[in-house]
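Beneath this line is the structure, given in structure tokens, with notes to follow.
Order of writing sets the chain letters: A, B, C and D. Residues in each chain are counted from 1.
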Amino acid sequence: MAWRDDWRRVRAIARKDLTTELRTKAGFNGVAALGVTILILLGLALGPDGAALRNAAVGAVWLATLFAGVLAFNRSFQVELESGALEPLLQYPGPRWTIFAGKLLGNLVFVTAMVAIVVAAGVVLFGVGIPATWPTLVGVIALGVVGLVVLGTFYASMSSRSRAREVLLPMLLFPMLVPVLLGATTASKALLGADLMHEAGAWIRLLAAYDLVFLIATFVAFEHVIES
Amino acid sequence: MSNGQSDRAIDVSGLGKRFGARWVLRGTTLAVRPGEVVGLMGQNGSGKSTILRIVATLLKPNAGTAQVNGLNVVRDATAVRAQVGYLAHTPGLYDDLTARENLKFAADMLGMPATVVDASLERVGLARVAHERVRGFSAGMERRLALARLFLRTPTVLLLDEPYSNLDAAGVELINSLIGGIVRTGGAALVALHELAPARGLIDRTLTLVEGRIDAARPNLVGAAAGVA
Amino acid sequence: MPAPDRSLDARPARPPRTSPWMGVAAILVLAATQAYSISTSPAEGDMGHLQKIMYVHVPAAWMTFLAFFVVLVFSVKYLWKGREDDDLVAASAAEVGATLNGLTLVLGMIWGRPAWGVWWVWDARLTSTLVLFLIFAGYLALRAFVDDEQQRARWSAAVGAIGAINVPIVYMSVKWWRTLHQPPSSPATLDPAYTMGLRINAFALLFVMIFFIRKRYEIARLERAAEHAAEAAALGAP
Amino acid sequence: MTGIVDDIVASNWSFIYAAYGVTWVVILGYLVRLVRAGARANADYARLVPGAGGEGAR
């Protein structure tokens, strides 16, 4: 029965975060708009040659996702800090990992929605043809998003409570995401081409392993990190 | 007495806590027995809130120990949290959720059935505005809603931080009925106060904090008042 | 398994001091091994005397990884036991490791310019060393930006352990990223004439690093001991 | 050795000097940092712990 209570807590936190986001709207719209703006700026910086743009599309989309995503993670803890809600949250009985899982779930939905917009914008703006292997491509994006959200949520739980949080989160997060960036961009590029060298499979395994390793590591470490 | 039953609901011994270089608690020792309501007096910054937050497992002490029903607040934090009801100085509500959603969230986190939510709203007199967002609430309404969270279940130890501020006479009555209800079932309460008046008749004794220590020389205000009367 | 509360009597006495002569000796030995290997190593066929940079670059890279391994071990140990000393060892090793890491990168560039004609190549080892540097720059920034020392210890232990886990993954991913697109620049197969020089230099630098970490740790302990003394005075402990 | 190789070798010496120069600047620089931090910590300790007597007492 305990796991049912825990799952109820996880859902409650995710639902609460998403309801707040939905009602304020400014948050999601702002983050998604930033992602698209970064894409447009990259297009201007790299264009106007069509072939060069198509070549750079994958990198541009992932960079826009990383930069806009960083804003989402600090936000999700800001909600707790602004109204002094973190203390009651920590005072509830039940294991602390449920807090992390709830935040993770909420951020996953938030960032997935944002990525959908950024990818759609990237396809249009950079003139990318959708390949026949698109379901695999969606899988690659999903694996990349999970890696981003797991570490982003974990580091934001600290950076949101430190001095200079706007600087600290990217400093901690971006170097950690190098394997995600390389894996997601290379696999996506391979799938957009014909994947003649069959390299996408290896990258997908790397992404999956990365997600699994850090999912476990952050769940273990979160309990030590969340307390004040 | 590391776990199980104890003759002390709250047992704080030699507690030290600092924030940066500033020492807020300097070896505080106090105890509250089951069925007892103790008022914690002292000026602003004397460390009242810090003691409550340590006992509520929200802060870790730099020195000394604190126990709730024989459970150590650092080692057995999860078990302590299940027994303690804590009302913070700030309401800690989510502004963009309605009153009812805020309570439903608390019920989910506490593992209580959803049915207690409406009863609790009724009890604090907020049933009428249950579907309004907290953002539009007055300070007094926010405090009532924060209080409603404590009515969701029956803790054995209540920790209240300045519960009477921003409350009208009816609100004061609510707090007192909450404390009374807990004490009748053998629970205990530690209440941080800056004036005794609203809690008179309910408080068994008072302790006064001066510079992070219990001042032994200060008279028990409840006893003193009784003596005069 | 949260960190246990520290009771009043668990106050550390004045920490021991490593003799400064150990540092002098380590640094003199390093100078001697460098002089020996520079003067005895023959000029290499392709690169001439340029290979002499290897005697500082390669040991610096090895010691960087070793230092961060120490960070990993003591971070995990801190999360497990909650002993303040472990946090201080991890912090000291991270600081020394980041310094050596920066040195490794600069030496790599000084090597790359004459050897390859460019200051930087996106080679697997160079790139992952750079990422490692960034990860631990983040670690040190976190330590600088958090004031509460219990919080700082817990947070940096988590960041240190998770950052160290990432190091092999980064290395592997950068290597694949390179090899799947173009052949890697062939690593110079090492002639036996150079291995001896490399080994003794690595050991000399190891002694210097151990001295640095120990000294840094002792200073941190001394600072903490002074704070604990102030704590005892504030609490009026017997 | 041919003259061309000699030229390359000669030009490379400046990079070798640079490499060893940087190494010693870093090592000695860190050493200086440690010595100063150590002196400061010792002074603080001697000030805050009466009777400890700074160097190695207790």
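Just a few scattered comments:
Following the convention adopted for this analysis, a contact is a pair of C-beta atoms (placed from the backbone, for glycine too) under 8 Å apart; a residue touches a chain by one contact, two chains touch by 3 or more.
This is a predicted model, so every value here is computed, not measured.
Of all chains, D has its CA centroid at the greatest distance from the CA centroid of chain B. The chain pair with more C-beta contacts between its two chains, of A-B and B-C, is A-B.
Measuring from the averaged C-alpha position of chain A to that of chain B gives a distance of 39 Å. Centroids of chain B and chain D (each the mean of its C-alpha atoms) stand 56 Å apart. One finds 48 Å separating the Cα centroids of chain B and chain C.
Chain A and chain C have Cα centroids lying 31 Å from one another.
Shared contact sites, meaning residues of chain A that touch two or more other chains, fall at 227-228.
Shown for chain B are the residues that touch two or more other chains, namely 60. Counting partner chains per residue, chain C has residues 2-3, 147-148, 230 touching two or more of them.
All chain pairs that touch, listed by label, are A-B, A-C, B-C, C-D.
Interface residues of chain B facing chain C in the complex, by the touch rule stated above, are 14, 16, 18-21, 23, 26-27, 60-65, 74-75, 77. Residues 154-155, 158-159, 162-164, 167-168, 171-172, 174-176, 178-179, 182-183, 186, 197, 199, 202-203, 206, 209-210, 213-214, 217-218, 221, 223-225, 227-228 of chain A touch chain C in their complex. Touching chain B in their complex are the following residues of chain A: 5, 8-9, 11-13, 16, 19-20, 23-24, 79, 83-95, 227-228. Residues 5, 8-9, 11-13, 15-16, 18-20, 22-23, 26-27, 30-31, 34, 37-38, 41-42, 44-45, 47-49, 52, 56-58 of chain D touch chain C in their complex. Interface residues of chain C, counted against chain D in their complex, comprise 13-14, 17, 23, 27, 30, 34, 43, 47-50, 52-53, 56-57, 60, 96, 99, 102-103, 106-107, 110-111, 113-114, 208, 212, 215-216, 218-219, 222-223, 225-226, 229-230, 233.
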